[in-house]
Amino acid sequence: MNSQKPEIIDESGDKYKYGFVTDIAADSAPKGLNEDIIRFISQKKGEPDWLLEFRLKAYEFWKTMKEPTWAKLNYDKIDYQDLSYYSAPKQKVAPKSLDEVDPELLQTYEKLGIPLKEQEVLAGVVAVDAVFDSVSVATTYRQKLAEQGIIFCSISEAVKEHPDLVKQYLGSVVPYTDNFFACLNSAVFTDGSFVYIPKGVRCPMELSTYFRINAKNTGQFERTLIVADDESYVSYLEGCTAPQRDENQLHAAIVEIVVNKNAEVKYSTVQNWYPGDKDGKGGVYNFVTKRAACRGENSKVSWTQVETGSAVTWKYPSCVLQGDNSSGEFYSVAITNNHQQADTGTKMIHIGKNTSSKIISKGISAGFSNQTYRGLVRVAPKADNARNYSQCDSLLIGSHCGSHTVPYVENRNKTAKLEHEATTSKISDEQLFYCQQRGIGEEEAVSLIVNGFCKEVMQHLPMEFAIEAAKLINISLEGSFG
Amino acid sequence: MTTPLLEIEDLHARVADKEIIKGFNLTINEGEVHAIMGPNGAGKSTLSNVICGKPGYEITSGSIRFKGKDLTKMSAEDRAREGIFLCMQYPVEIPGVAVTTFLKHSINAVRKYHNLPELDTMEFVKMVREEGKKLGIDNEMIKRPVNVGFSGGEKKRLETLQMNILKPSFAILDEADSGLDVDALKVVAEGMNALRDGKRSMLIITHYQRLLEYVVPDFVHVYADGHIVKSGDKTLAAEIEKDGYAEYTRER
Amino acid sequence: MGGLVQKVKLFGEYIPWFQAMRDKGAIAFDELGLPTPKTEAWKYTKLRDLNTDDLVIEPSNFLAEMRVAAEEACGCHHEDGGCGCHHHHGEGCCCGHHHEEGECHCHEEGHVCECQQKLHVPFEAYVIHFEKGKMIPPFPDFPRGVEVMNLMEAVLTEDAKEYLGKVVDIKLHPFAALNNAYMEEGIYLCVHKNVKVDKPIVLINHTKSGEENIFFNIRNLIVLEQGAEAEFVEWYNYTGAVKSRYFANVVNEIVLGKNAKLSHYKLQDEAFKANHIALSVVKQKSDSNYHNCCLQRGANIGRNEVKVLLNDENASAEVNAAYIMSGWATLDTTTDILHLSPRTYSSQLVKGVVGGEAKGVFQGKIHIAPDAVQTEGNQLHRALLLTDTAEIDVKPELEIFADDVKCSHGAASGELDENQLFYMQSRGIGREEAKQILIDAYLNEALDKVKNPEIRAWLSDYAHAPQE
């Protein structure tokens, strides 16, 4: 076993540059999962004992767990012993220039209006460091952020440089016992990001640019931890709006968010992993556990997601509303086409008094895809005056797809007011004709109507993200109508 | 010399196996305003939908030519781009799509068809505001989603606004006066009269004479049982108002 | 002895097709087992309290009694003065029920025995009496074209053979499987082609608490032939010691022919320690209409599950329910509407009022099969919580595989509106009375769906607020 951590320093001598991606250059672990592999990962990452302990405990527990089957998802059984839990990216096969890249992929970049240099990064033509100044951009940001006491780094780095913070919060929102995939992640997570916003600080920028580039090689088992201390604010953008060819079949990520008194966190995701081909071959299995704990009074968290990728999605960003007057929001657009399957939604757990939550979910199914909204609203006995409003709308395009809505509402407090509404519709012939009568072609009309359908959610995305996400929706639905 | 704009010959059409239009003939020349009047259920709306190419309507025989081109082979959007505008009786709601967004897509699609450059946003917004003002449409209304929660009058104003912006060479007004009070009716009529320039043509489909007092037609046709049973000038409309349709429906 | 699975000698073991069905039921129940909290269809209704250890199954005496009655009719064995009724006589009470000594007040002036009240409905009807799941003859006289038998008779005559056990899928429903395994008594009702039954047909099952905790299974098979119309009412009630933990397990199989119309009403008013689990499965042909409304107000665990299969075009179903409860009860309303053909329609309105430490459960599902286009399915559930300890769990579900459909569901829960209460108080109405008025109005919204005004009024009388 390779116990020595490879030291890689780039030309500029900037160590951080590789903070996130260094280990990628290292060897892969052999296939399979056992205690040795976990020790290997931990050692590779030079982790302290407590973290190794955490991983091993998770692994022990995971062995006793069963893969959940309750979701409306059909996929081939995953052989967890056939996966590599620590692997280098396949740099050998990287194309030398854009000429060698799948033209279909390039076409998509074109439609999204992605700058050429960025296209090269996304397609894996060139390594992140060589072409784009993104890392130094990130570093510049980092300095600017550091001036205000904001910590924004990879979680591996945080383990080394801010061990107390990580130790305090890691697993405090999503314990390793939470679910099968979260448990697996806790045992084998490779990297992810760490954000800490100190008391009274409003993060001056969307934490996004950095990620747009770096998301390329975040591993199968990403782990993100965001802590917003009292009176702070941060808006965090995850994911990449351009489709990526990702070789990893299984993704099991965890995102934990801690929101203290009067603090607010906005978390936006655009998920666009490889959805598989038209016949449903290939594609990413995406099993994600995302949860925010609103611990302090008046704390607020807002999840916005646009899910267009992955062959299989299993994802329920949740809010645990512990603090009095805390609030949680969930805005979601999920689009499935061809043979994609998504089982996604949210959980709103009302514990504190005067807590409120809002759920707006828009699902669009096309082709042979199946989509389920699955949500839970739970009001604990002491959560006086809890409020929830849920709205789940589905749009079906074509007669071979399915759209399902499974909301669970559990109320144990009489002062709670809970409302749930769901509708299903299709793009009506009348609407299409109306657009056509005004000279708008069918495909354009469909995209216009679909974007209208999603508007309530899209307006919660930061501007630059929203524009690309809108384009992405059109691309996802291409060829699904008529 | 008169140039024919729309020529319909011996048209037969059906909806779901039911023949609605039976041997319809009509020629509309440039600059003419025609009115088609008929009892409820005569298939007046079917006629406008068939001209505009609404899916679900099947032409079994006959022809429709527009500016000399065969319309029946064209998609609905291409007919619109050629310059046919249907001012609808019950325009549909499109949630989430703002009026401005919709109009921009529409006008640019038409311009592209005619190889004209797309309008830039500033130019476009300015135009919509100006045209809107004339019709009593405020800036707030054009930000709302298309027809969602609009009153009958607002819907008609929006239809008229679109007509004034797209400047079609041929407009069909399908029961444009239904559900309107006198003030709203005047607004719609003014919008229509503004388009009368000696070149553009119109087809007004209506049950009552009311609108024809404001937009005076050159020709009036009585339509019953799928075809025209009598044609005349504007005095025919007044006759019908007085005597009703009974005479025409009894004839058969 | 005790528990849900017991060895008892049952009717019809010598009839192969019938016994095979029973065996399948036993096997299916054995495989399925009792639902656990992990069973999705029973997620919120916990069966911990079912407490089946000392349950007793009493085999039917019906056929034996019939034989005796037949012999009596020929004049051979007249012993007690030609009494035409088949109640147990000799206990000294005219109402024919068991009373402790001195408890009978039947002869006091103006008194109507409690059990008498519970044996009559306040509207014209054909009433069929059951006691602890056993049919008590005689039958009322039915008009021509309406065939009514005890299920066992219909098994003997093979009238039941065509549909019995073929409407409900026992592999999906553990209690239906159990019902199969023990089925004996119940109603076989067949309304012939184009016959419209003039009065409601009412099944009253009356349970008198006894020493033992009885476990009984009722299986009704209702067939409406093409163009037939009927109203069917089920009423489950009790008298005596309220603490009896009897368990009623009811399965209705309902077949509606072309253009047939069935109105199906139910009042579940069991003893508060008793358990009542019922499943109705309805298969509908084209143009048929099924109209259902159930009021649940009794039992410890009460579950009314309605599954409707809209098999052919233009079939429609309306499934409404109301529940009102207090104490520690769990009342469960579960619906599953399957739109299996184009142009089928369904609507549901369920309203509940939960007090005490009770728990209301609503699980409603609308399924739309591929190609079942131009269908419409709507569902609305609303519940009121009256106390700090009451609980409501809701799972409305849409499962849609066709694009050209209109579907919606809504669910809401909350407490009584203080503004409304205050408004009434300000007009001089006492607070408690104001609450009652609001609660009655709340539930009546669902009960108003009952088409027959007399049945509506009757159900409405039972839909009053629980005592706090």
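Some points to look at:
Think of it as A, B and C in the order they're written, each chain with its own count starting at 1.
Note that in this section contacts are C-beta pairs under 8 Å (C-beta built on N, C-alpha and C of every residue); 3 or more make two chains touch, one makes a residue touch a chain.
A quick note: this is a predicted structure, and the numbers were derived from the prediction, not measured.
Comparing each chain's Cα centroid with the centroid of every protein Cα atom identifies chain A as the most central. Placing every chain at the mean of its C-alpha atoms, the farthest one from subunit B is found to be C. Subunit A and subunit B have centres, each the mean of its CA atoms, that are 49 Å apart.
Subunit B and subunit C have Cα centroids separated by 58 Å. In subunit B, no residue touches two or more other chains. Those residues of subunit A whose C-beta lies close enough to touch subunit C in the complex are 70, 381, 394, 396-426. Residues of subunit B touching subunit A in their complex: 52-56, 75-77, 79-81, 85-86, 88, 91-97, 101-102, 105-107, 109-110, 113, 145, 162, 166. By the touch criterion stated above, subunit C contacts subunit A in their complex at residues 40, 44, 370-371, 373, 383, 385-415.
Taken in their complex, subunit A has these residues touching subunit B: 428-442, 444, 448-449, 451-456.
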